[in-house]
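Quick notes on the structure that follows.
Every chain is named by a letter (A, B, C and D) in the order it is written, and numbering of its residues begins at 1.
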Amino acid sequence: DPALIFDLGGKFDKSFNEAAFAGGERWAEETGGTYRDIEMQSEAQREQALRRLAESGSNPIVMTGFAFASVLEQVAPDYPDTTFAIIDGVVDAENVRSVVFTEHEGSYLVGVLAAMASETDTVGFVGGMDIPLIRRFACGYAQGVKAANADATVVMNYTGTTPAAWNDPVRGGEITQAQISQGADVVYAAAGGTGVGVLQTAADADIFSIGVDSNQNAMHPGQVLTSMVKRVDNAVFDAFSAGVDMETGLYVMDLAAGGVGWALDENNESLVSAEMREAVDAASAAIIAGDIAVHDYMSDGACPYE
Amino acid sequence: MTVETKPGRHSDAALTPPAIELRGISKAFGPVQANKDINIRVEKGTIHGIIGENGAGKSTLMSILYGFYRADSGEIRINGEPTTINDSLAAIRAGIGMVFQHFKLVENFSVLENVILGAEDGGFLKPSLNKARGLLKSLAADFELSVDPDALIENLSVGHQQRVEILKALYRSADILILDEPTGVLTPAEADHLFRILKGLKSQGKTIILITHKLREIMEVTDFVSVMRRGEMVATVPTKDTSPTDLAELMVGRKVLLRVDKTAATPGRTVLDVQGLRVVDDKGVERLRGIDLTVRAGEILGIAGVAGNGQSELLEALAGLISATSGSATINGNPLDLTGRTSDGQTRRAEGIAHVPEDRHRRGLILDFSAWENVAFGYHNDPAYNRNALLMDNAAILRDTEAKIKRFDVRPPNPWLTAESFSGGNQQKLVLAREIERNPDLLLIGQPTRGVDIGAIEFIHQQIIALRDAGKAILLVSVELDEIFALSDRIAVMFDGRIMGERQPDHTTERELGLLMAGMTGEPE
Amino acid sequence: MAVKRIPDWADVVLVPLVSLILAFVISALVIVAIGEDPWAATQMMVSGALGSTYGWGYTLYYATNFMFTGLAVAVAFQAKLFNIGGEGQATLGGLGVALACLYLPWPHWSLALLGAALGAAAFGALWAAIPGYLQAKRGSHIVITTIMFNFIAAAVLNYVLVNQLRPQGSMDPASARFPEVTQLPRLHEILEVVGIPFSRSTPANISLLIALAACVAVWFLLWRTRLGYQIRAFGHSEAAAQYAGISPLRITIVVMLISGGLSGMMAINNVMGEAQRLVLNAVEGAGFIGIAVALMGRNHPFGVFLAALLFGFLYQGGAELALWTSIPRELIVVIQALVILFTGALDNMVRMGIAKVIGPAKQGGA
Amino acid sequence: MDLASVIQILDSTLRLSTPLLLACLAGLFSERAGIFDIGLEGKMLAAAFFSAATAAITGSVWLGLGAGILASMALSLLHGVASITFRGNQLISGVAINFLAAGLTVLIAQDWFQQGGRTPALIGDGRFPRLDLPFAEALRDVPVIGPAYSVILSGHTILVYVALLCVPLTWYILYRTRFGLRLRAVGENPAAVDTAGVSVVRLRYAAVLICGVLCGIAGAYLATGLAAGFVKDMTAGRGYIALAALIFAKWRPWQALGAVLLFGLLEAIANRYQNIELAGLVLPVQFMQALPYILTVIILAGFVGKAVPPRAGGTAYVKER
């Protein structure tokens, strides 16, 4: 059977891990198969969990989060008959599939939408912690905003430096208020459980918010402009479906591959005008065609658009 | 049938029920049997004294009567009625008031707040406080108990704190007033004043129980006296039918020497010389206002005074515990750093000064440490107690402790017991052993026998004299005038941070010292 | 209601035992309440934590962390200083280890261990000494300052990892992997020498021995050295310590240096021994667990050792439970809470119960 | 810094200070009575969960508030039993309560809602509405007073005003009522209270329960006033900050208000200004995030001086050993 390991955030984090969980569940439902899933509780367990699963015959083993990369690098060669898939991280080994997403591309698209929906020419970004992954979201977003409206301002904030940063809806709400007072009328949250507070405050203040990872449009129908979806669920689903024969190597789940995108459903239909849809579709096409290069923060550790 | 009771006439006792009757009261604290089958009657309108050695169980008995402790067995009758006293509220309701040996006051509350605590008038303070203020005024007038109702307790002298305790009881309209060692902290004048008050109360029909160690006071004010020994009530007699020597014998169970033998001093060179010592405390109050004094080798300089007039600060400044604001001092001719910048307790010890602090629990001992650890306390840097720069030589300390315990007859002679588990007198012996055995040039000693019973006092006094006779200088601070007289070669009296005057013990009287202690220089007005 | 005196053996053996049993009984009730089988859960916890050398390896690994942080809190408590800053000090200790391992060329792991331990202790000590100094000199309450320093440490680490130590192009806000030579011997390698087979895949490493040595050293420090004597005296009574010429300033700072150093040393276990790189939040709350461990161990190194083992067991047993059953991981937090509550705060209740059953101590026996 | 920013920051300060204020006053009652309480965090967390859960199930935020208070009081009672009745270690009991709340809330949330330890988002009457104070609209355009009153002061949920009212109320209770006199006395010298014929145990339980009520309101405010539902560990260390504020305020009510406002202000500023450029040097985000804590340390070291806790604090009242 396949196995799925969630990162420390836990499988119900309403975003990244939860999306992986959804992929697993979908696979189980469609194929009638069963899989094992476990949640990490401490750093030291990563290795423990990987080895135990590999030794008990789980295959393939899918894990979410870049934090696994370093450990997997050590563990994978010890179990040549097991295939592993790591999401959000890159491990160079025979039996590992590395799945990465181009969050900056998805963020670019929602940035375009944000800039066009904004009447104040000011949009906000709330990140959980100042770490490279979140910077990548932020930078793509800023580029998209600037592309749609060169005069727009992007207000950026991070919640904190302790693990509480990902679970503090109250502070998320206050940061949103602070951004609103600086004129922001669309706020993009990439902050785990803190995002719940961001979306809530935006809805209360009657401005738009943008969800992340999973489709969060339904959390406040008609008030969440869109969500930057990262199809972690597909990545898990694909890996599970491929089973023991899963191909290894680097898989870049980019816009072209449908790995990232923006969510449109009955909850936000009315919010996205035809003009906006056109613009974002055009941007999307241009990115896929390579006409627009969305800057990847990871490429040089800098963001020219902030 | 109505019987007219005349205060003090115990012949009426058969007709009037006694104010208090205790029957078969027993109380144990763990293995300590503090009270054993105690029976006692206290007649209405009398002053009834209770005496007994330290730890005889006096306070325990009274605390049971006041509902602070619960007796293991026995019966309490108030005015003939069997009464259950499970807490202090019940005692207060039964008309009992108590002034504890260790006051039960909230230090950072005002006098007024302390008085009304627990006896407030309704849920809000304003009316209670106003009412209390009025009542306090009239009580103060009736009983000469004036205190500033708005002063904070921590700023009051012990004597005034005691007045507050008495006012607390009177405010609750107590008919029976228990005073546990009230005079231990008072000047003779204050004590006289207290006794006047007590007599006044008696004449108003109140019943008073007075615990004291001072036989003179028993003889002076009580109508009856009960003697306790080791948890038992050994006798109750009319005061007029007894004498101090009889009482002392009843108390201790043997004959006691009430006076220390000592030869005249032969003072030598000056050991300590202090000039213009001033100390200002944290609150900015000037505690010492220019002290000049000298102590010579082979003499004891006794400092008399009511507690709180700067004696503590004097000792602490000399011992390096607080810093002086100005002044200078020399020890054996070498300057002493009074500012504390280059000195502390360690330096002072090296300079030949030993210090027996007034408060052995707060300063002199670590109560949770064993006896042997306490023997090294303050001398932990002594090479004899250390193997090397890092390690202590516990075996050496232990050996030394055993020797000291033996010489000072500390009981029980077990160096492993924690300081806490020794009785007060034995704790004091431990401290004295540690400091005296160092053979210091100068011994600073505060309240050497506070809370210590007659037997131990005798021994401690002998040790102090012996040190003097060995040619050492001793600066003694005590609030017990008897002690000052017994030990000192010269007596200096402190009042309000100054030395009011110096007297020879043979050429002065308690009365004269009492006046000096109250701030009067003795010249006719 | 006076607490009855009970014989010494009952106090030492029965009270903790009964307390633990009570805690586990209530935990079982909680497990039943969430619809799981408490017996199966117990079995899984015990076998997961103690049933194999593998389980022992993890149990000891966690216990090592808790020994360091527990000792840190205990030492400070001996001087009556409540150091809640173990979390931050261990965080900084991790930084010390990382810098030592990454930037110095070590010829052998043993030297690397020495260097890293020094780095860890120095950084941790520094992080504790500032609150100590402020308390002694400025009267700033050490509880507040150490709490604040936990937050500041998190920010420092976040900055350093993201902007300085993270290898170019890495997504993970973590340092690079330490050089191979700094890899500490794992427990199985050590035990192999004496011929005991031990699971190869556990993070327990030589730091365990250092933690044990630290327990002994702290005991030695407190009860055999002059410094320890002064620390304890100061802790019992500041006024008395001053009388004895023990400088409050010096003792406060020295104690906090030792305490912080011990917290920091935890990093040789988790950062150097296990992860071989520095990650965000490597401490994972061990600093706070240290408070519970110290309090339960009555601030005595041996008590800390036992309490750390108990918590290691709870951690590992609980992890197994959460990993391989549907029981949520928070259950373990609840069990920990109950263990702390019954053994640490309701001990008198147990004592009184025992006194009722076996009767009070004989006269003079207590 | 423009006026709008100032107003927003002050507005935010008030909201962020409110849970701290309630928790701080809660701690004040308990510690003034001689019972140390580092379990404020846990009690707030429990209250946050039970208020959100009850509000989610019943749709009534008032029932939620009640449930939150009850939950918090239950933990207070536990603290009381451990530290008053059984004279256990107050610090350990507090630590245990923090762990207990952290574990139980998620465990129960998972059992009840299956949303990963979260409650469903609260809507409509499940949350406290924002109140407009009288004349807020009319005064809005008056310079200075207008924004100060109608933006900063007005427009918060009722619990903010409750919290603010608790300050004078606490002061009044503490210094003007019989209960307050006894409460303060029992924290200073329980023997004095005992010999005055008042039950030490009853007073301390009362104090601890009041502490429970206030922590309960604080937690409910977090989950149903500021946020719209419970998220695990959502108190995010606020209980510890409240404790720090209490020491900062030296256990006095008005000073407590000052202390929490300061903490709230620093946090609001840190939220608002994260990228500050000083003379060409861009201060890192992390620096701004740590700034409230750094400033607290500096203020404490520079201006506050020694805080002396209630004298009988932290120790059980034992008459006989």
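Please note the rule applied: contacts are C-beta pairs under 8 Å (C-beta built on N, C-alpha and C of every residue); 3 or more make two chains touch, one makes a residue touch a chain.
In UniProt terms, the chains line up like this: B = Nucleoside ABC transporter ATP-binding protein; C = Nucleoside ABC transporter membrane protein; D = Simple sugar transport system permease protein.
Keep in mind that this is a model prediction, so the values were computed, not measured.
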item: Contacts common to chain C and chain D (chain labels); value: A, B
item: Most heavily contacting chain pair (counted by C-beta pairs in contact); value: C-D
item: Centre-to-centre distance between chain D and chain B (centres being mean Cα positions), rounded to whole Å; value: 46
item: Centroid spacing, where centroids are CA-atom means, of chain A and chain D in whole angstrom; value: 35
item: Between chain A and chain B, centroid-to-centroid distance (C-alpha), Å; value: 76
item: Per-residue multi-chain contacts in chain A, two or more chains; value: 130, 160-162
item: Chain B residues counted as touching two or more neighbouring chains; value: 30
item: Per-residue overlap in chain C, given as positions that touch at least 2 other chains; value: 151, 154-155, 158, 162, 332
item: Touch relationships between chains, expressed as pairs; value: A-C, A-D, B-C, B-D, C-D
item: Of chain A, residues touching chain C in the complex; value: 38-39, 41-45, 47-49, 51-52, 66-67, 69-70, 88-89, 129-133, 160-163, 298-299, 301
item: Chain A partner contacts - residues on chain C that touch it in the complex; value: 58, 61-62, 151, 154-155, 157-158, 162, 166, 168-174, 177, 201-203, 270, 274-275, 277, 279-282, 284, 315, 318-319, 322-324, 329, 332
item: Residue ranges of chain C touching chain B (in the complex, touch as defined); value: 5, 224-227, 229-230, 232-233, 236-237, 239-240, 242-247, 363-364, 366
item: Chain C to chain D touching residues, read off their complex; value: 1-3, 30, 33-35, 82, 84, 134, 138-141, 143-145, 147-149, 151-152, 154-156, 158-159, 162-163, 288, 291-292, 295-296, 328, 330-338, 340-341, 344-349, 352
item: Partner chain C, residues of chain D touching it in the complex; value: 78, 81-83, 85-93, 95-100, 102-104, 106-107, 110-111, 117, 232, 237, 240-241, 243-244, 247-248, 284, 286-287, 289-290, 293-294, 296-297, 300-302, 304-307, 320-321
